[in-house]
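The first chain written gets the first letter, and so on, giving A, B, C and D; residue counts start at 1 in each chain.
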Amino acid sequence: MRRIDDFREIIDNYEVVFFDAFGVLKNYGGLVPGIERTFAYLEESGKEYYIVTNDASRSPTQLAESYHRKGLTAITADRVISSGMLTKEYLDLKVDDGIVAYLGTEDSAHYIESEGLHTLPVSAINEENFDKVNALVFLDDEGFDWCNDLNKAVNLLRRRTIPAIVANTDFAYPVTVNEIAVAIGGIAAMLETIVGKKFIRFGKPDSQMFMFAYDLIREYRPITKPEIVMVGDTLQTDILGGNKFGLDTVLVLSGNTLPADAHNRMVSTGIVPTYICDSAVIK
Amino acid sequence: MRRIDDFREIIDNYEVVFFDAFGVLKNYGGLVPGIERTFAYLEESGKEYYIVTNDASRSPTQLAESYHRKGLTAITADRVISSGMLTKEYLDLKVDDGIVAYLGTEDSAHYIESEGLHTLPVSAINEENFDKVNALVFLDDEGFDWCNDLNKAVNLLRRRTIPAIVANTDFAYPVTVNEIAVAIGGIAAMLETIVGKKFIRFGKPDSQMFMFAYDLIREYRPITKPEIVMVGDTLQTDILGGNKFGLDTVLVLSGNTLPADAHNRMVSTGIVPTYICDSAVIK
Amino acid sequence: MRRIDDFREIIDNYEVVFFDAFGVLKNYGGLVPGIERTFAYLEESGKEYYIVTNDASRSPTQLAESYHRKGLTAITADRVISSGMLTKEYLDLKVDDGIVAYLGTEDSAHYIESEGLHTLPVSAINEENFDKVNALVFLDDEGFDWCNDLNKAVNLLRRRTIPAIVANTDFAYPVTVNEIAVAIGGIAAMLETIVGKKFIRFGKPDSQMFMFAYDLIREYRPITKPEIVMVGDTLQTDILGGNKFGLDTVLVLSGNTLPADAHNRMVSTGIVPTYICDSAVIK
Amino acid sequence: MRRIDDFREIIDNYEVVFFDAFGVLKNYGGLVPGIERTFAYLEESGKEYYIVTNDASRSPTQLAESYHRKGLTAITADRVISSGMLTKEYLDLKVDDGIVAYLGTEDSAHYIESEGLHTLPVSAINEENFDKVNALVFLDDEGFDWCNDLNKAVNLLRRRTIPAIVANTDFAYPVTVNEIAVAIGGIAAMLETIVGKKFIRFGKPDSQMFMFAYDLIREYRPITKPEIVMVGDTLQTDILGGNKFGLDTVLVLSGNTLPADAHNRMVSTGIVPTYICDSAVIK
């Protein structure tokens, strides 16, 4: 593990940079100050970048728009790779017809809608359409009544042998500096224990997330793993996943991992990035 | 393991019978038909009995009244031992003052109220009383807003180092023949994973439940473990807990464990009762 | 949680003291220096004490002798309560005849031998006696060939539906200041996952350990929980278990929990003792 | 899920077939009778195939030779994709120099040897070379002394912050029709719990295994996921992994999943293959 003073050095040494979103580019208060300089320098240096995020609550287009509104216009929809995209790919390949029931907002569900498939919130599942449900997707912790809809989802999964797909593996997420909220990944894990079935999970640290991004690049240009670096603020997702996929990794201290805790957390988890840098902002 | 035809044989061979409630005495449809005969015979034979239940949603008095309303007048409050009673004992012994925040109905909380302690639903915790909360108790899956109150509970446990007590260890419970609902024990386990702290759990199969009943009897008469038999419908709670505590155990097939599944479940879990009997009803 | 300067204050305020063994009375290097003064003072004050230990590798008599050899003659066999004693009680009550197969040393097995039961190391199980094995007990990490005997134990548990009893729940134990070793509790957990059956575990933090000690005292004198204090060096076993049983608890910093870590560990685990004291040695 | 009578139908409908090894091509007794006809038909039809296996105990060359010795000469080293190959790729990309300590046979370690890296069995780690160890790899359950070397491995991982790589995620493997043995994946999970660090796992059901095979094919020809089918005997590894990666899947009943259990297991796990077929043998 090597300490890096200026993130510029990272950009200079790789062809492609993968960024986690929350804690790296933005934070509770909005954009990480100065992050636009990083994207200007990437552009200038002819380097490529992707946002690789476990956020399945909105489509890539909506996620990109949220950056534009904050003033970071460099990020376009085609640069955003989310666990929701893997969910969509799974549904396209593996579920031919019928209803995809979901837990989440309408926005999150709109995106996974495919030809031949009809998405329906769990609350709209009833005795008539029950037998046409061919998959259940966990998309977001918002947009549904936890008590009613989770109990409905439990019984749906007990009575129908259908795949359950978790589009966000996180158990919790930060909402302010001091507060967190239960994420859909935590809720899904509770239901998985109760029904005793194996759910399908997409999102970092799972390799499929990195592979999806890697494949996307290789469609238009040759690239090798040593030319890519993954930048994240969380050891258990960004760094573990990046390491396992064979990428170099940068832990930035602008999010989940506080400067004072970084060393202890690496020792206690055994997860070590290639580099540590204060933030992804270039000086 | 021995097959017993008539539950009368069980009563004849023990001094004290512990009964699980749901699946043994009552069911979705009301009382198990004929169960009043069992209690008449117990009375007649001068045998004692206790209801040993993981139900912390109401006080022993309220639980007894629910049997009376169904027509089983033999069960009085002093015969009911619930995981809520262990929670109350814990609070009495270990929490001196301040607020006990809870997730559950008012009924469930009323019972644990003690001198010097003030119970408050999690929804009523605010910045003013936050620092006076000295315990959090998981009582029931009803009586609160899952989304708001679970997120509040998570942040309470992150910011305050206080004991979290789970008064019902079950992950789910049956609501009709075909449907189950998420129980407070499942919800508590999700929060335990998210906050990373150790919760304190009361309820079968934990020994403390059986010890509480055992102690209660010994206050007024001598008794030994071989004179007590535990009757239940669930291998993982009633039978495992009874076995571990050193009691003989009877699996009845009137609840969770269907006649067709009993053998397979014993083999797959490795949990074997002393006896199997169709139900706790005497012929 | 209150800081206590002199352990004498603890003794003055309780009728009975439960001590964990390792990290409290002794350590890698032998007895904790000065601990004999504590036992002299207990004697002098007419207070009672018990050693409550997860060590099932030897009988209470052998454990007491090991203290005598180190110079602490105050500890007699009747003062030692081990998880092995609970295992013996379980076998006495629940296993009538046949063979009890075990993993551990001969010393550990000798103690659990009962009338009608025959103990045999797993290595001695063969096709002839296979069907007579009525229980498997995990006693110690020493005394057997891990590779051969663990594979034999796995297949024994797959083919025979018999109780598996774990007499020591610890996953690892310290062997020098810097080194630990895998304990039989860790090995048992691996086998439990592989065979998919529920094992029966005795030892702190489980309440049955404390109840056993509590019952033993009440056989000859009246006592209540507030008159007993549990002294230990490990939050997850001694303190969590003592708290749950309703006892006051003392965390001493002479073993597993280092002075510099105590605060952080309490916050991160949520397990808080009634008192903290440097050691169980009186000044 | 569709029942298929003749495996020939599968071959006719796909361009590439991925086969699990054990339970599909071979079994305790040797090759699955008639399996050579399947490979003759694959050849004849101009279809491609790969063996995708969690076996990291030997190199692809050695694995291929073991088929030749059994009479299945169709399988060449370049057709074998093992979790050991992913381990090797990881070491090549992420560990630059020093010692790679391993648990397994010399055969398993020989294969992962790379330029600049020196493999050493855990038993050969000593105070001199301790600080040069830069990774620990779990390769095989054979070739080392479980008791000594697992304790050494635990302390190595506690004192050195290095990646621990598990080259076989299986917890157990069959050795005869009735017997199983503890696999290195089960042992690794025990150590992971004890040291509290995150290990890196390669092998089905993890996607990286399928991706490795998919990438290998794409190096010399275009292919899409719908043109590939994964054939396996285990729902939790072959079928879950294949499904998640977006492949069609075939459950064969010649190994882990018995014909009588197939339906129940699909319902209880929620893992459903695209097809079920008695075996991978064509009629």
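The rule we apply is simple: contacts are C-beta pairs under 8 Å (C-beta built on N, C-alpha and C of every residue); 3 or more make two chains touch, one makes a residue touch a chain.
In UniProt terms the chains read A, B, C, D = Haloacid dehalogenase.
Source: prediction; values computed, not measured.
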Angle of rotation relating chain A (Haloacid dehalogenase) to chain B (Haloacid dehalogenase) [CA atoms, steps of 5 degrees]: 180
Proportion of interface numbers common to chain A (Haloacid dehalogenase) and chain D (Haloacid dehalogenase) (over half same, under half different): same
Cα-centroid distance, chain C (Haloacid dehalogenase) relative to chain D (Haloacid dehalogenase), in whole angstrom: 40
Chain centre separation in whole Å, for chain C (Haloacid dehalogenase) relative to chain B (Haloacid dehalogenase) (CA means): 28
Residues of chain A (Haloacid dehalogenase) touching at least two other chains: none
Topology of the chain contact graph, where touching chains are joined (line, ring, star, complete, other): ring
Of all residues in chain A (Haloacid dehalogenase), those that touch chain B (Haloacid dehalogenase) in their complex: 141, 145-147, 150-151, 154-155, 158-159, 171-172, 178-182, 186-187, 189-191, 193-194
Residue ranges of chain D (Haloacid dehalogenase) touching chain A (Haloacid dehalogenase) (in the complex, touch as defined): 89-90, 93-94, 157, 161-164, 195-200, 206-208, 211, 225-226, 236, 240, 243-246, 266-272
